[in-house]
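One structure, as structure tokens, below. Some questions next.
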Amino acid sequence: MAERVGIYVCHCGSNIAGMIDVEEVARWAGQSIKDVVVSRDYKFMCSSLGQKLIEDDIREQGLTRVVVAACSPHLHEKTFRRACQNAGLNQYLCQMTNIREHVSWVSTDRQKATEKAKALVAAAAERVKHQRPLEQGFVKVNPATLVIGGGIAGLQATLELADAGYPVYLVEREPSIGGHMAQFDKTFPTLDCSACILTPKMSEVGQHENVKMFTYAEVEEVSGSVGCFKVKIRQKARHVIFEKCTGCGICVEKCPRKVVDNVFEAGMGYRKAIYTPFPQAVPRTPVIDTANCTWFTRGKCQVCSKVCPTQAIDYDQKDEIIQIEVGNIIVATGWKLFDCTRIPQYGYGRLANVFTNMEFERMCNAAGPTGGKIVLRDGKTEPRRIAIIHCVGSRDVRHNQYCSAVCCMAALKFGHLVLEKTKAEVYSFYIDMRTPMKDYEEFYQRLLEEGMHFVRGKVAEVTDAARLPDEQGSLIVQVEDTLLGTQRRIPVDMVVLMAALEPQADAKELGLKLGISCSMAGWYTERHPKLDPVATMTDGVFVAGACQGPKDIPASVAQGAAAAARVAGMITAGKVTIEPIIASIDEQKCSGCRICNNLCPYNAIEYDEEKGVSRVVAAMCKGCGTCVSACPANAITGAHFSNEQIAAELEGILWDAIADGRPASAAPDGSKAPQSTPVGAA
Amino acid sequence: MAAATVAENNTFRNEVMAETPNGHRMLHCLQCGTCGGSCPSGADMELTPRALIALINAGQRDRVLSANTMWACVSCYYCTVRCPQEIPVTDIIYTLKRLSIAERRYKDTDAPALAKTFTDFVDKYGRSFEFGLATGYHLLSRPLSALKMGPMGFSMFTRGRMSLLPTKIRNIGQLQAIIHKAREIGARR
Amino acid sequence: MENFEPKIVGFLCNWCSYRAADLAGSARIKYPPNVRVIRVMCSGRVDPAFVLKAFSMGADGVMVAGCHPGECHYIEQNYKAMRRFYMLKQTLVAMGLEPQRFELVWASAAEGQQLAEAIERMTDNVRRLGPLRWAENWADDPQREEALQHIVKEHEEALEVIS
Amino acid sequence: MKYAYYPGCSLECNAAAYDMSVREVADLLGIRLQEIDDWNCCGATEYFSQDELTATAVIARNLALVDPQLKQVVAPCAACYLNLKKTDRLMAEHADFNQKVNEALAAGGLHYRPGTVQVRHMLDVICDDIGEAAVRDKVVKPLNGLRVAPYYGCQVVRPYPGDENPEYPMKMDHLLSWLGAEVVDYPVKAHCCGGHMTQISEPQAFELIRRLLQSAQDYDADLIVCMCPMCQLNLDGYQGRVNGYFNTEFKLPIVYFTQIMGIAFGLDPKKLGFGKELVAALPVVRAKVNGLAAQAAQ
Amino acid sequence: MSKGKLALYWAASCGGCEIAVLGIDEHILDVAKAFDIVFWPCATDGKVRDVEKMPDGSIDLCLFNGGIRTSEQEYMAQLMRRKSKVLVAFGSCAHEGCIPGLANLYNRKAIFDTVYKEGSTTFPENPQDHRPQPITDVPEGKLSLPLFYDTLKTLDQTVEVDYYLPGCPPEAKNIWAALVAVLEGKLPPKGSVIGLHTTVCDECPRKRSEKKIKKFYRTWEIIPDEENCLLEQGLVCCGIATRAGCGALCPQVNSPCIGCHGPNDGVEDYGARLMSALASVIDSQDPEEIQRIIAEGIPDPVGTFYRFSLAASYLRRSKAFGGDGAAAAQPTPLAAKA
């Protein structure tokens, strides 16, 4: 039986009607498109009166399909679907076509715009006839949440949820939570002590009854989907029995093996082979660094085991896989520092007194390797002139095109610390000074007043090749002072490189496990850059902090809280709807060729070895349709985007090309050549 | 000084971009000064390469083509490999050299004369000719310095490092046909 | 052909390029009305069959647009679209189609301007190439009708001779 | 291994020592060089300053003349190397340009398809194709005791650095260490020698030359080893005039890397072109290399 | 029960299908028992005028092989259609054009040039460059030849077809099964392709796993192992996209499927399925590498993807430029390599 199609063309005030002859479109559709029983135009379709128009027609005219030609479906698809549903028509039998953003607003010629609108309406009408009613599914939401990353963003998210009474699993790769913030001395622009504001949060997390913490652990595997993820966590062997250890620290004290600490101390200081990264670490349980421990490398020592009062040392401990189930996941994996040796003209690694920003942070920190003294690499000489170079590895298409967002302010903070702690002159070499947030510009003003020197120009090179006698023994910073338009060579004793923030080296790998994507730069992609900044394309997976893009502490905290709020909302709702736009495989047609097996980034396609067919796991399918178009046997169907639906849409969209004086035998439906030739018969 | 008139439609910038391979990268200039800071001749330039790009953006053709920047360039390509926006700075300088020579805007430099003498030798013999270059160009543009060159030239000569006669390639006709055709194609635009 | 306005079918992915087109609209960026959009969830859904069918049905050009490589909302499905694009393009070129009639465009949701420019560029190229009218390639031979009639006539004559 | 060989104008006369030593060393290492028949000048930087299209066509003639059996051409001169490489790249990346150049070439009955000939520098060939083991194998007089400053100059490492770092190239450093020399790691090894500036603005050129000599001297180099005729000419030929201009007393011999390789390989210094440099190198080499002085005395 | 009437006809095809009918061996006797063979020019004596004289619809079953390349073939297709109750497109040529359909990459002029002018065997014999003409005036009157079309059409692009029997040629067991179905009146819905409703992999005994292809090989470049999926070894095996029913004959003898059975149910363009599937599993994300893998491994894309189905594909032929006078379809598959 033929469908009964209703067509509704919106004026959107003059937004559409100003450029498109909407009456003509509606009239034409009513006359020319098969199976159309109602075709109307209306001032504002999205108004309650407009919606009522549709609902009434469905009831009174017995419409079985509805087409709304209006704005973008991203704005009002839900509205019109709801209207249909209200009138008893399955919501997936309603099709929107976009004649505002895609036609009226971008066109300049009324007649051509009207023609384009007709083609789009025809396409939607042809397509809608092939649409099938679909039902949304529901999944219950497990109230537990996994937070990946124990930096400030992850800690904030953890606390928000735990305080609200929901269980949280927190996974941190390093032996202690705290993240980069634990390494800093002061925070801009208020100059609060970083440790003073961070450590209370760390211990709160460590002691919270709703938090189960896995430090020195990594996410191994994620399966399932929103509401019920199954996660495997690899608890790396600490070689210290967590339950027995009291955190007294005797083992660390007695350990005879000193190791350069390239992580927490950024290579500026030492730790032991058994260690906690820093005194306020949470948990206090140390780990043995097996690559450097004398027992593990040479089979001698065992001092830690001998001194441990609770026999907590276990040299035979193995990695452990722990499986948990959660309803949602918050990713807060942060950033890593740009490798400054990639820019050899700045001399890092070759010239001793060129430092990275993280090295300098540790140097400034009173608990750091120099006890907070700003000195040259020799550990004693106080520098007289210090250069701070901005945008090292940022705003540079050869490395990272983006602005790292925090360096300008951190450079100002460094400038302040230098001026406060030493008598040195301090120079900032910047391209543009970026101080947009609250109280940031005021901080810049403060440094101007404190006498920090600002040179506008990206430094060309740092060299020890002196040209003039007064350059001897110095590092010379060569730069064009772009405000003067001349080249300058400024001799200094110390150079600090404001290295870029980069995505974690394994961000992509973790993204694949979670089914979330990365931008070209490697940061996790949010669902919408403005309106949905902490959700991702994968339902139930949220991002917070610098793993989504360079961010300072306030922004990271805000995102951590935002992600937690989103998760709490999901938990409170208790269930989530599952879109029915998914793929399915006709096992009769499937030959088990396995072309599709490798194509799904969500691992939603499984192969049944016994039956020799592939199958789509409905709950994991996100409906992209890639497998549908790959199937050589035509065995996979994509709901709501089936081959038939798109073919029909094509026929509609090209209605005028088909009718446009093409030869009759050229009809695209493979229709037969005319069989008019009379043949003499018996 | 009156403000320079800015060309409404910046044809100059378009011209420079069109004449330079990958010249469109110029649109991305951040005015960071990496080029000017890196230049070994930077101290000798009235305008740094960065400033030239700013002037090109402002459509100030006269100031750009009469600048000494191009003639101080030693083609070391530091600016090119360091530019954070991958602007082919050295190649832009080459473009400006050509425009400046074509329109005779250069001043206080012998570089165009050297280039002319050099290319003439190539066109005539298919090879460069150092002695001819040294004598011809120096006598042409700076007879005094030719005198200073004397002792050094003599040392070079005695060590067999300077030939008094140019070498000519065998198939010079072929090369000249190619050169002739290339000029003709170049003139088409 | 005067005033030829090409008909180009645009397959736009729901997340990036369709939104880029939405953005172009919200920003009132003007571009030619020749690309008619079919929304798919992902550029990975674009089946070569759709493209071939569009050409056979009278499209003068086909554009496939998706998220930038590495930015696919389905993680990496646009790479599959890219592979299919090159595979299909090689075949289409071998069949005599001008390469400018089939284009792959990357446009993020923020790149309304870029998408509009791509549409303008492609429309321009295809307009210069002129109408495609692929189905005319297999139009009946002008002499066909006559040749068939001739067979009929011959057979009738033969029958007459026999009878 | 066989390569097309493009010596370039300088190597014919001014840098004959380079040509001689390249051929000697190549011969010993089994690198077969087949000189491009009737090659012409690469135009240096000068031709590009005049007319880009014609410059490219002039250079492309050389590429078109490469024996089709050979896939690679070796150019020892930095300017020649860059010009050949740049031409190939320009033609490969810009179709319309390629078409114009080939239209010009056609006037001489030639055609060049970009990408058919790979342009190599002699240093790359020795370091990458021949390699450490084969080079070490040929060393009979290790340069122990000689402090050598490798000087790369500009145009081999920039703008097309290949697998080198354009700021801090290392290949010559490695090569010299294989020869047993003490390699001087000084900061200006890829800085500019002044190029043609000696012809245009002596004060400017002399300052650049001074910086290089000064740095090498500050780092106690006995000798600078270079890989470009222009660099050698500026640093060696003009050293005396630079001393006069700045009132300095530099006396640093400048030789080609292939010359010093030849010494380590035990080849006859005369055949390597020693003696053509203005600041004599052999006495320094003999004085510093352990054991060589004694040999020379015999 | 009275005997049914059977006809067979041979249009633009190689004749293999005719021989394939004999492949049913002794069953041919059963056929003779069940049917009166009223028209089979290849095997029995008979005249077109006899068929013309038959009442419309009087033939029970017509197995028609070959595509439609000339006016005579079109005439015969129409004739057999009218006279037959059930018309079967028999074999790949009638089904989807097959190898003769690949000539749709060219046109009449190009084909005649090859045959009458450039062909090494014909050229010396034809110095005046004579071409076949539909009508030639001779003193005795007009001589006629069928008109040679620019484009080969499949049978169903010419007349309505009831069933399709795929294969080049159809396998004996399938021919027999089809005949039995007609005899027993157990015919599937009209328009069906007689065969299985899945693809060759279903019948292929090779071991299959997930696919990632870094390089496509031509058959002469490697000797594949006998255990594993040929496609996974880099050979373009068309079995993934080709209707099953043949018993995976080719892969069983270590030779990749070339696709003679055409596509699975519901597929309108065979090549699209193959292109899409193969492209999807190329193991690269780098545009240049992808293009290189495709260009090097599949130098003749049309011949690879549409070896049997060009005439039945959406595009049916290469871009042509009018009739005899104009240039032939420009890029030949070989030219496309450059």
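Note that the chains take the letters A, B, C, D and E in the order they are written out, and that residue 1 is the start of every chain.
Here, a contact is a pair of C-beta atoms (placed from the backbone, for glycine too) under 8 Å apart; a residue touches a chain by one contact, two chains touch by 3 or more.
Just so you know, these numbers come straight off a predicted model, no measurement behind them.
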| item | value |
| --- | --- |
| Shared chain contacts [subunit C and subunit E, defined touch] | A |
| Comparison of B-D and A-D (more C-beta pairs in contact) | B-D |
| Chain of greatest Cα-centre distance to subunit C | D |
| Inter-centroid spacing, subunit B versus subunit A (mean Cα positions, whole Å) | 48 |
| Gap in Å, rounded to a whole number, between the CA centres of subunit E and subunit D | 64 |
| Separation of subunit C from subunit D, taking each centre as the mean of its C-alpha atoms, in whole Å | 54 |
| Junction residues of subunit B - those touching two or more other chains | 78 |
| Residues within subunit E bordering two or more other chains | 52, 74-75, 153, 267-268, 273, 276, 280, 314 |
| Multi-chain contact sites of subunit A, meaning residues that touch two or more partners | 345, 461, 599, 626, 629-630, 643, 668, 673, 677, 679-680 |
| Interchain contacts, given as pairs of chains that touch | A-B, A-C, A-D, A-E, B-D, C-E |
| Subunit A - residues contacting subunit B, complex | 345, 391, 395-398, 431-432, 456-461, 478-482, 485-487 |
| Residues of subunit C that touch subunit E when the two form their complex | 47-49, 52-53, 55-56, 69, 76, 79-80, 82-84, 86-88, 90-91, 93-97, 134, 137-138, 141-144, 147-148, 150-152, 154-155, 158-159, 162 |
| List of subunit A residues in touch with subunit D within their complex | 344-345, 461, 463-467 |
| Complex interface listing, subunit B residues touching subunit D | 19, 21, 40-41, 44, 71-72, 74-78, 80-81, 88, 90, 94-95, 97-98, 101, 109-112, 114-116, 118-119, 121-122, 126-130, 133, 137, 145, 148, 152, 155-156, 159-163, 167, 169-171, 174-175, 177-183, 185-186 |
| Residues of subunit D that touch subunit A when the two form their complex | 165, 167-168, 186-188, 211, 214-215, 218 |
